[in-house]
Amino acid sequence: MTRTDKASPAAHYAMIIDLDRCEGCGDCVVACALENNVPPPNPKATPRTGLNWLRVFRLEAAGRDVFLPMPCMQCGEETPCQSVCPQKAVELDPATGIVGQIPERCLGCRYCMAACPYQARVFNWWDPQWPAGMEQTLNPNVSVRQRGTVEKCNFCHGRWHAAIEKAAAAGGRGPVAYTPACSEACPAQAITFGDLNNSEFAALTNKPESFRLLDSLGTGPKVFYKTASTAVRAAVTGAAKDTPHA
Amino acid sequence: MHSTHLIARGACRAPLPRFLMWIAPWVALFALGAYAMFLCLSQGLFHTNMDNRYAFGLWIFLDLTVIALGAGAFFTGFLLYVLHKKELKAVINSAVVIGLTCYSGAMVVLAVDVGQPLRAWFTYYHPNVHSMLTEVTFCITCYLVVLAIEYVPMLLKNRRLKLVPSFLVFEWELHKLMVVFALIGTLLSFFHQGSLGGLFGVLRGRPFAFREGLAIWPSTFFLFVLSAMAVGPSFVALTTWMVEKLARRPLVKPEVYDTLGRISGKLLLGYVFLKTVDTLLWINQTAPDRGFAAHRFYQHSAFGTWILFAEIALFGLLPAFILFQPKLRQRRGFLILAAVMACAGVTLNRFVLTIQTMALPTLPFDRFLSYWPSWQEFAAFGAIAAYAVLVYSFSYRYLTLFPQEREIALAEERS
Amino acid sequence: MFPWVYGFEWHAGYLIFLGVFFTVAVVVVSTVMLALFRTFRDFRQGRAAQLQWASNFHDLPPQHRACRHALTGELEGRVCEQNFDCRECTMHASLLAKQSSAPACCQESEIFGMPVPLDRYYHRGHTWVQAAEDGSLLIGLDELARRVIGKPDSLTLPAPGTTLVANSPALSLSRNGSEVRILSPVDGAVTAVADPGEDWLLRVKPAGNFSPRHLLSGLEVKAWYLRELERLQLSMGLPEGAPSLADGGVLVEDVASVCPKSQWDTACGDLFLNA
Amino acid sequence: MIRRDLLKFGGGAAAGLAFTPIPWRLLGDTAMWSQNWSWMPRVPRGEVADKDARCTLCPAACAVKARCAGGVPIGLWPRESALCPAGFVAHHIAWHPIRLRTCLHRGQPAKNEDALRAASARLSGASGSVAVLDLVPGRTASLLHRHHLAKLGGTYLVPPVVEGATAAATQSLLAQPVALAAVLSDVKTVLSFSTPLLDGWAAPGRVARPNRQFRVIQAEARRSRTAGIADEWLAIRPGSETTLALAIAHCLLKQLSAPAASLDRFAEWTRAAEAMSPALAAQSTGIDPTRIEKLAAELRREPSLVLADGDPVGGPLGNELQSAAAALNVMLGLHGLKARPAIPVPKDWAGVDETPISNAADGSISLLIIDEPTPGQALPWSLIAPKLAHDALVVALTWNQPHFAAQADYLVPVPVFLEAQQDAPAPHDTPQAAFSLSPALLPAPDGVMHASDFVARLAGDEVAFADRLAERIKAIGADPKELEAGGQWIAPAAASTLAARRILPPGMTADRLLAAAQRPAEPLHVVAHGWRASATSPLLGKLWQESALRDAPRSASAHPATMRNLKVVVGRPAVLDTPSGRLPVNLSADENLQEGVLALSSGPAFTQICQSDSSGAWRVPGAKVVPA
Amino acid sequence: MLRATLIFTAGFLASLGAGWLALPKTLYRTEAQPLSFNHQVHTGDKGNMACEDCHSFRENGSFAGIPKLESCAGCHAEAMGETAAEKQFVANFVKPGREPQWKVYARQPDNAFFPHSPHVKAAKLKCEKCHGDHGKSTTLPLYQVNRISGYSLDVMGRPAGRWGLQRAGGMRMDDCVACHRQNGLSHSCLDCHK
């Protein structure tokens, strides 16, 4: 939308995931589902039809298991999903750089799922159901999505809203700092979250051992991966031909 | 006033019981498909076997194919009304009915395929002009209206409706303006056939499908239009031949087949040439630039390089060659064989762009996944096929789809 | 879609896209409206009946649209393009000029045992017109029509005072379930209706001076009758071996009762030019 | 004519409709309806506030920040160290689909009083005695059970120790009778025999990579999650852990100095170790001798610890292995093991002491009360059944309905986490003993009764659990306000240095060790593993059902060669057929497994089919896999 | 021909009537509030209270919205005035301690995020800007819910054919967007949707 808010300049939130620290415990996956009111699995759900805004891939490199958490990359350039959504249910939010998915506008044509190179989008194949009474434990800052709509990681945008409200209460304005659920949950602090506008966080991203997935496609992803081991990097970026298993 | 008075004079149609026998299985298939659609709409799309990787499945593939084959309507109209190929007057009505059933069937399946059909009008109210799907939605619905308007004159010429004076006069006036609808139909079809191809050509995230192109239109845009125009006449010829076989009487003059075959052959040859150029460009330049060696797309056993050969050479070059030779084209058997192969070629092209694009992994650690549609998906599309056959059967019985039928019957009577 | 909707972008691409959509919509709607408007105009100008006939004529197969001069052999195989309305036909005018005078032929003629009086004019829809002394015209069914229809189950004649338009249905009759409409040969207003037993059906006061230019008379009638018998045989679709009229039989009195219903319906359709 | 008029009227109405708001409002409102379906839940609207609390599901007692909306907890977030996946969603237990809310008598609804009456009737009966099987020992409720059992003359049974088994085994070798805790922060290398050290052990926070200063060498038959991320994985043949332990002892004996020799039963230990040379061990373990020697040298060079704890579902690994591991720890100098001071108990709470269930006499229990307060506990019924008298009454004070539904006569609902103030079980892997409370944030459903109140009422003691808890807090000397605010009372560390008195527990002979070492592996060796917290919340299905991060329950894998000679096709449903039951499994092939091993991921279902063998390990003898 | 057009226009007018007159009445279901509350008495000269006295902010900046029973019971432990409504309030709600189930006009759908603090504290907007003169109303207006979409009239949709009847102020999306545009503030989807 038109970026007319002079008062608070735009933030460009980004994430750095350290592959040497992640051990696939799944804290981030559970915390993400808890924070964003993602419904518990339908009895018939499988890994291919499941609702996980954040998936953790398991690979093998140099004989050891490597785990790779894959949230949405919030692609900044030529956002593939935004350019294909026929009714503008997807929008690269100018204030935060987050690719928003508005479930009320989404009619479930799933074209964005076909367009996403990272397959970071999931679809509500079933009506979301919670055990009786458990709806009291839903997060008020996130709305529940209906069956037949697509949903994706939005860097816990509900927490950005809460941070904006708290900052405004204190009279402040401008980009706010907040931590998404996965970053707060990670026992190994493997996920760091920050704003590319502030320099020392940005400096972290252009270190030699940090890289981005599929950046040859030119979609400008904003999630950087970091590893000191060349074997892990080769397995992840596909240079070496390991047998991947999802 | 019993039913014979609905059938035009001089058109001998099967007696009612035999006609009911013919439509009974199709009605049954339609009922089964309607039930499957009801399940998907009322309970959810888990009834299909699609999943988060196969966001598009059988329905989108068959939609694309059916709309490509339904291109016969706009192209025959264009040839007849704009290029004045008078002999096509014999098949224009049949082509319009095919077009109408194909497009309306595809729209119904899209409504079921979409997760929230009640919000379908959002694409009109909040259009994203950069998306090819917006363009497809706009143009297909407009063209559906144009097809319906082209269907109305046939309807009003029914023996019973003809007796109402205002209908017949309105039909006469509308028929005079039919060239306007043919032109608009061609414009709309050019864009939505192209955009259906553009759907996949613009996907930066899917190197298998991504193509460079002209301005905002990827090369698949123009290839889809060309292939649709090439296969349209073949499909019209194919359907006319099938109806003749079912009705067990000649319905059109031989030169109609010849014209359809000739035009289809020329366009198919052009398409094959451009498709080959585009594929070579894609293998050597587009995919490698984006970091994906083209041979890796074909290393998975299910879709080897044979699929590329089949689509371009076997089902492209061969039918084009047959249709191009007048000697071969005269032989009805060869013409129909070439038509079938042309249709198969376009269907395979649509299959590759939808299903193979979904199957191939983009991330290095992701896997090639396969998918098999559920019975609900097959049944839903069975209903569309049944709907098309039913509408065509009723139109053939109660409306005059083939004006030359009486003339040929009388000529045969004389000899 | 509209400027007041949230998310309306004032960019070139957006405006072009919606511009094209709205123009296409307007063109489609206005074309349909134009067709509707022209229909109303036709009705107001009374050209509806004539257009109806033009549309029906357009659907007849070429074999049934032979030109009157093709019947008499002057123009071989010519198909009429003027909906049998020779008054506007230029070809007819030029041929008439060549034939200086129509040779008067004998009053009575008989074709295959069917009396065909030549003192009257014949319309291609098998009705005859005879000018009466007081300037009105008598209209009746010719012999072939009477024999094909036989005794109709119901006959509806226009009430006196209704205006007739040439080539548009004047009266309709129905026999064993299917309805046949007899076309009116002339323009004019019905003044009297014949009571049963008369050989004529309607007495019509012609609109303007009556010109028989589009009606058949004299030699053409004989050639026309031969072609009609052949056409009747074709559309009745008699099985190959049956004795056809060509080898000298006389048309049976009441064809309807003899010939199967569907063939009779097709035959009537062709004979009386009901598409 | 009427029909035509109606058509005209209808046509007019239809044309007019487009100029009214009806179609457009319908379009708009149906689209709005599609985002507001009545069967969709509404998000709560109360004030969102954080409340510091403690998770008391397991001994780690992690500090959590309970985020509440309108007073109802909507999420638990880490406060000091990290949480395990279940820690985030522990507040869902209250609404878990399998949650028991009313008392059941053989499936029919009943009242708690009926269970009490039946239990006290059985008490006054003559034969046999009462026993309380406490699945989570070390809580205040456990102390109260032992206190009341003293009055009732019953026994207090505890399940076999799984997590902390090595520490328990080493404890019996020490000079001073003190509780031991294995502390990983003091060691440089950890040799773990099939212990899920990096995967489920209490707090991942303590063993997550950045905090982990020690190397992990995992000796396991299966490429488990720990084996996958350990520094080194020794792929040993199944059941050959004891052989490897003895071989390492063999090498250590050669390089070791004298002091250990003075311990009693050392001769027995050396006899067993000498018999197992690395070359001999290599045949049965599949690890070449030079690696075993290098491993022994590594362990001796820097402070290291040997672990042989079991898997929460797979069960303990057997007494022989635990004794061997304890002996190795003694030889290596008891690094990483600390004495853990006990948490003070009110003076008048004297009670019976713990008896492991295997030591209970057969057929001796006429009234068994099972206390299952939290998810994550698994115990094979085959361990309990022989101890019961033929007409024994079984009352299960449990949080869920299915676990003991088949075996218990009465199921009595108990308050779950956050429904009543409860304390965490005694920690087993931290040096200092700590006491912490979980607050009561949720109203407990009526008909729910605290387990210790049930046993107290049986023993005629009317004091409610809450008062007893306050009593204990006073005895500990902690400030109740601070504990309610999520604080933690930590006992002062015991300064005593540890000295071992003997190297093998009484009754553990060299022949038993060597017999265990050479036990022939079964044709199909079932290695069960489970994930202790999988039953906490349906949301955890995200990890195993909706992603392949964890193995789904009842999924089994075997080496392709084993699959071939089992004549079973991958993907086709199959059944694990065992003498004591059948378990449907879905099979997959995994080259990392050894031949003849069936790795089974399962929840409590495994405990229905496994049996405890002579050495106390849970095995599935005579298992076969047959197509379903 | 005349008769045909007459019938046609009759149909035309029938549907116009249904659309513009019948629809607005039937589309909205009106629900009564648990009790009638008089703002005028509280904010006028009798009570001279400010909005913030009841509708207050919590210390963490979130907005408390409709006051709970105990803040009303603070003054109304006993009936202070003589109006029947207040007596009924004290008898039915204060004494038994039953929380009144208010039907909130301004209740935004779950997917809309409207924080009060940026608007009231940072932008210093008056309550009337969005809630209209609700503060001076003597009786609570009828709560109108759209039968199909389930959203309250104040939050979603403008009722056709009810000019003059709809309340002032604006809590609809168009009003929010218009206000943001006037003040040069961003109004992209994620600013307000959650």
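Order of writing sets the chain letters: A, B, C, D and E. Residues in each chain are counted from 1.
Convention: a residue touches a chain if its C-beta (ideal position, glycine included) is under 8 Å from a C-beta of that chain, and two chains touch if they have at least 3 such contacts.
Since we're looking at a predicted model, the values are computed, not measured.
Graph distance from chain D to chain E, where chains that touch are one step apart, equals 1. Steps from chain C to chain D, taking the shortest chain of touch contacts, total 2. Overall, the chain located most centrally, as judged by its C-alpha mean against the mean of all protein C-alpha atoms, is A. By number of C-beta pairs in contact, A-B leads when A-B and B-C are compared. Centre-to-centre, using mean CA coordinates, chain B is 61 Å away from chain D. Chain geometry summary: the mean Cα position of chain B and that of chain E are 52 Å apart. Work out the mean CA point of chain A and of chain D, and you get 32 Å between them.
Chain centres here are Cα means. That of chain C falls 72 Å from that of chain E. The set of chain B residues touching two or more other chains comprises 116, 119, 122, 125-127, 130, 134.
Residues of chain C in contact with at least two other chains: 6-7, 43.
Counting only residues that touch two or more partner chains, chain E has 60, 62, 109-111.
Here the chains touching each other pair up as A-B, A-D, A-E, B-C, B-D, C-E, D-E.
Chain E contributes residues 4, 7-16, 18-20, 23, 27, 58, 60, 62, 64, 109-111, 146, 148-151, 156-157, 160-161 to its touches with chain D in the complex.
For chain D in complex with chain B, the touching residues are 27, 30-31, 33-34.
Across the interface of their complex, chain D is touched by residues 116, 118-119, 121-122 of chain B.
Of all the residues in chain B, the ones that touch chain C in their complex are 1-2, 4-5, 8-10, 12, 124-127, 129-130, 134-135, 138, 142, 145-146, 149, 157, 162, 165-166, 168-174, 176-177, 180-181, 184, 187-188, 400, 403, 406-407, 410-411, 413-414. On the side of chain A, the complex with chain D involves touching residues 20-21, 23-27, 29-31, 33-35, 37-38, 40-41, 45-47, 49-52, 55-56, 58, 63-65, 67, 103-104, 127-128, 130-144, 146, 162, 184-189, 245-246.
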